[in-house]
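Two complexes come next, and they have one chain in common, chain A, joined by chain B in the first and chain C in the second.
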Partner chain A sequence: MSTLKVDVHHVTRVEGHGNIVVDVENGELTQCDLQIVETPRFFEAMLRGRAYDEASHITSRICGICAVGHATASLRATEQALGVTPSLQTTLLRKLNFHGEILDSHVLHIYMLVAPDYLGLGSVIPLAKSAPDLVLRALRMKQLAGDLCATLCGRHTHPISMTVGGFTQFPKPADLRALRERLVASRADCDATIQLLQGLEFPAFERDTEYVALHRDDEYCFIDGSIASSDGGIRPLADYREVTNETIVAHSSAKHTRHQRESYMVGALARFNINYDRLHPRAQAAAEALGLRPKTINPYLNAAAQAVEVVHCTEDAILLIDQLLDQGIRHEEPAAPTRMSGEGVGAADVPRGTLFHHYRIEDGKIVGANCIIPTGQNLANIELDMRALVPEILDRTQQEITLALEMLVRAYDPCISCSTHMLDVKFV
Partner chain B sequence: MKPKVAFFEFTSCEGCQLTVLDTLQRHPELLEVIEIVQFREAMTERSDDYQIAFIEGSCTRPSDEAKIREIRTQAQIVIAVGACAHLGGINAIRNRMPLDDVREYVYGDKKDWFETYPARPLSAVIKVDAVIPGCPIDRDEFAMAVTHLLQGRMPAIPDYPLCIECKLTENVCMFLRGQTCLGPITRAGCDAICPSCGQGCEGCRGLVPSPNLGSIKDALRERGMTEEQIDARLSLFLTYQTMQMDGVTPA
Partner chain C sequence: MTTLVLALGNPLRGDDGVGAAVLNALPDLPPDVTGLDGGTPGLGLVLSLQGYDRAIILDAAEMGETPGTWRRFSPDCLRAQDPDLRGTLHDAGLAEALLLGEALRVLPSEIIIFGIQPGEIGWSPGLTPAVAAAIPGLCEAIMTACAARADSE
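Right, the complex of A and B next:
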């Protein structure tokens, strides 16, 4: 096809509003944009003047899918700024709660947003009739993830009992034991998820890029840690701006980022590529079964990396519950601030990638705020993927090209309302 | 014939629609009695032939008004879903700040590239037939709303304060625990989930009819809150309403 115009207005089965716009004239790619047409949200401006303990309640509202992730990064930023050292129990409860969010989000993405494309369907709804076991499994896994968060923080969207320095309610040991039993039973659903992905034909597209994720030596990192790149180098969280280098582009109300190359990728595949060694052995076995090794450079396989993380988080959640039950749940007061002014950066590797919250606090009030969202960091990389992909598939029909582009964008699991401080496919 | 239902979202976190998906997962029988013809976040299939529109999100730019009016013209029943659509919600916090300053803080000298205006609830743009309050909405209340609609009546929401549900839940009053709470002026219906999790109510379900604002402010002052802290608490979800009570409606 020497002339091609694709214009997908409001890409479906993603969070928020984006357009894919591709224009090929006489075999030349003249335009290839992922337009972010979501309304600007202005959260950073709205945080100014608010009390430090309101920030996590406001910023969880940035996103319904990663509300726990935003609350976690927000609390860590505030705690860094005000010299708060949470207890071991708080750290364990936050990690366990975070696994609930990763499980919920990844299962939603794999089963409800991605799988229909590979099965030739428009949504999960017809799947309920053609493959009821598959849908029931997804629902069972999501319900477990949601109940995990509800037990720890009241509800997944939006968490209630997470607060600066700790929690305002605590799970009963009996509730944790019941969750543990369901997580153990969920291993069969994890295995079936891996089998499902083994059966999907992922497009063969590859493009090497820089991968960025949080990293710790002692665990597969989701909270805190340092910023690691597949191109080398580990930086402290405080230096996040040297990694993200935000710029504003006209076709996107979400800012773009770049680090050592023209673009970089964050998310499950980036974490997998960087932190593979720290995955639970069962998760490594799942990766092996999927033929997934670091470094994998096919962005469509982000969903496969998510499935590996589903296995990891299920296993690690069991271990965390054991540790919590062993040491006993204490109804402790949140750790108190040691100062009322300061500056702090909090980071969490949420389902879609690395999230930064950065606050400056004076006399207990937020005077400056910056939030850098995973999808914003992925936008430039998605566009470069699109630019590499389109010439490779120009011999296909417009419908096939459009679907390949939509599937590419969906592979990143973009979260657009989050990133507009992000998606539709548009071939003009 | 099953009623045709469509879901839309404007400025929001889409958390209420996720809660809707969650409700449909837990109550798959709902899918037997309604036909979902449009739900961008969950499905590619779409039709503009619908009778009931559920809308999440606030209107925060002039160009969204036309789309919202179009939905109103098509739908026989429009339901505002969640605090952003119902109240303006979190989005309206910035309504008390100079708009230009807010734009410049986030987008710098490119501030004019991205259209915006003060955040407002759906009811400021179109007639809304019913609301499902909350940030996010309550699963059971959404299921109940659908049940009511199938029975041919508008969804009914409580018109009494949260304190009643909180007492029924047997929580110790947040004020007696030395904390503060907007329960006395906030519409019930969430089973007092925040106080049950150790946090005072933040008013996300909106004000009860005829709220005694003077009295709640006195109670908050007695607990040592400054005027500024009281205003901040009342502005988390209630900025649009309290500005309206002060006679200020954004242009």
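Right, the complex of A and C next:
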């Protein structure tokens, strides 16, 4: 096809509104944009003037999926700014809570958003008719993940009991034991998820890029740590701007980012590529079953990396519960601020990638805030993937090209409203 | 037979909390009837309904009536906004969840919906007087519905 115009207005099965616009004339790619058409939401401005302990509750509303992730990054930023050192119990409870959110989000993406494409079905409804066991499994896994969050932070989404320095309520040992039992039972669902992914035929597209994720030497990192790049270099969180280098582009209400190349990727595949060694052995075995090894450079395999993380988070959640039960749950007061003014950066590797919150606080009030969301960091990389992919598949029909592009965008699990800073494919 | 009385809605948004308010106002339920405040569960609603013979669902419903007016109707009367669920899955409501439940063949054989016309769905908790006034009548109708089939068994 020497001349091609693709115009997908509002890509479906992604969160929020974005358009794909591709224009090929006489075999030359003249336009290939991922247009972000949502309005900005001004959360950073909303924070200004608010008390430091309100920030996590306000910013958790940036997202209905990554609410725990935003709250966690927010609390860590505030704690850095005000010299708060949370207890070991708080750290363990936050990690466990975080796993619940990763599980919930990844299961939603793999089963409800990605699987219908690969099984040749338009959505989850025909999938439910042809494979009810598969959809019921997804709902069951999501319910467990939601119940895990609710047990730890008071409800499924938008955590209530996570606060600066600690928690305001604590799970009962019996509740943790019940969750543990369900997590152990869900190993069968994890295995079935890996089997599902083994059966999907992922496109053979590959493009080498830079991968960025949080990193720690002692664990598969989701909270804190340093910023690591697959191209080398580890930076402290405080230097996040040297990695994100945000720039404004005309066709997107979300900013683009670049680090050592023209673009970089964050998310499950980036974490897998950088932190593979720290995955739980069962998760590494799952990766092997999927033929996934670092460094994997096929972005469509982000969903496979998510499935590996589903196994990891399930196993690590069981270990965290054991540790919490062993040491006993104490009802402790949150660690108090040691100063009321300061500046801090908090970071968490949420389901879609690395999230930064950066606050300046004066006399207990927030005077400046900056939040950099994973999808925003992936936009430039998605566009470069699209530019590399289109020439490779120009021999296909317009319908096939459009689907390949939509599936590529969906592979990143973009959360457009959060980043608005994203997606609709336009072949103009 | 087992019956689930399921309240839906967000009590932080004015009359959207009427389902939960009615559930709280119900007298003691018979042993084979379970009350559940389901909140705003999206597609997760399917799992809540699984395993019951009958579901009675309480929810605020825009019916173009005067506030506080309520009606009993069947799921056939609902129109899904996004019947194929091709969108974001963020906006899945009762109609979409029931479609998914039907596709999965896990729905109770009988579903009764009590829809209550809200006056105001704003950004603060609390019912408007007209909607609050409808609660006693609704409670009576729900208890009658719970008893109906049990008696006929």
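In this section, the second predicted complex is superposed on the first by the 427 of 428 C-alpha atoms of A that agree within 3 Å, B and C clash if a C-alpha of one lies under 4 Å from a C-alpha of the other, contacts with A are read in each partner's own complex, and residues count from 1 in each chain.
Everything below uses one rule, namely that a contact is a pair of C-beta atoms (placed from the backbone, for glycine too) under 8 Å apart; a residue touches a chain by one contact, two chains touch by 3 or more.
Everything numeric in this text was worked out from a predicted model, so none of it was measured.
S.K.: After the overlay on chain A, what do you see for chain B versus chain C, clash or fit?
M.R.: They clash.
S.K.: With the two structures laid over each other on chain A, which partner does A:R258 touch: chain B (first), chain C (second), both, or neither?
M.R.: Neither partner.
S.K.: Using the superposition on chain A described above, determine whether A:R282 touches chain B (first), chain C (second), both, or neither.
M.R.: neither
S.K.: First (chain B), second (chain C), both or neither: which does A:R387 touch?
M.R.: Touch status of A:R387: no partner.
S.K.: Looking at the overlay, what does A:G146 touch: chain B (first), chain C (second), both, or neither?
M.R.: both
S.K.: Go through the superposed model and pick first if A:I62 touches only chain B, second if only chain C, both, or neither.
M.R.: Only chain B; A:I62 stays clear of chain C.
S.K.: Given the touch rule stated above, what does A:R216 touch, chain B (first), chain C (second), both, or neither?
M.R.: A:R216 sits against neither chain B nor chain C.
S.K.: For A:K129, is the partner it touches chain B (first), chain C (second), both, or none of the two (neither)?
M.R.: second
S.K.: Once the two complexes are aligned on chain A, which partner has more residues of chain A within touching range, chain B or chain C?
M.R.: B
S.K.: Scan A:R187 for contacts with chain B and chain C and give back first, second, both or neither.
M.R.: neither
S.K.: Applying the document's definition of touch, where does A:K295 land relative to chain B and chain C: first, second, both, or neither?
M.R.: The answer is neither, since A:K295 touches no partner chain.
S.K.: Can you tell me which of the listed chain B stretches (128-136, 164-172, 218-226 or 236-244) runs into chain C once everything is aligned on A?
M.R.: 128-136
S.K.: Across the two complexes, what residues of chain A are contacted by chain B and by chain C?
M.R.: In chain A, residues 12-16, 64, 108, 112, 122-125, 128, 139, 142-143, 146 are touched by chain B and also by chain C.
S.K.: Which positions of chain A touch chain B when the two form their complex?
M.R.: 10, 12-16, 39-42, 44-46, 48-51, 54, 57-58, 61-65, 67, 108, 112, 116, 122-125, 128, 139, 142-143, 146, 153-155, 157-158, 160-161, 163, 167-169, 248, 250, 253, 417-418, 421
S.K.: List the residues on chain A that touch chain C in their complex, please.
M.R.: Of all residues in chain A, those touching chain C are 12-16, 64, 108, 112-113, 122-126, 128-129, 132, 135-136, 139-140, 142-143, 146.
S.K.: Within the complex, which stretch of chain C touches chain A?
M.R.: 43-44, 46-47, 83-90, 99-100, 103-106
S.K.: Okay, in this complex, where on chain B does chain A touch?
M.R.: Those residues of chain B that touch chain A are 10-19, 21-22, 25-26, 28, 31, 36, 39-46, 60-61, 64, 89-91, 93-94, 97, 101-103, 105-108, 110, 113-116, 135-136, 193-194, 196-199, 202, 229, 232, 236.
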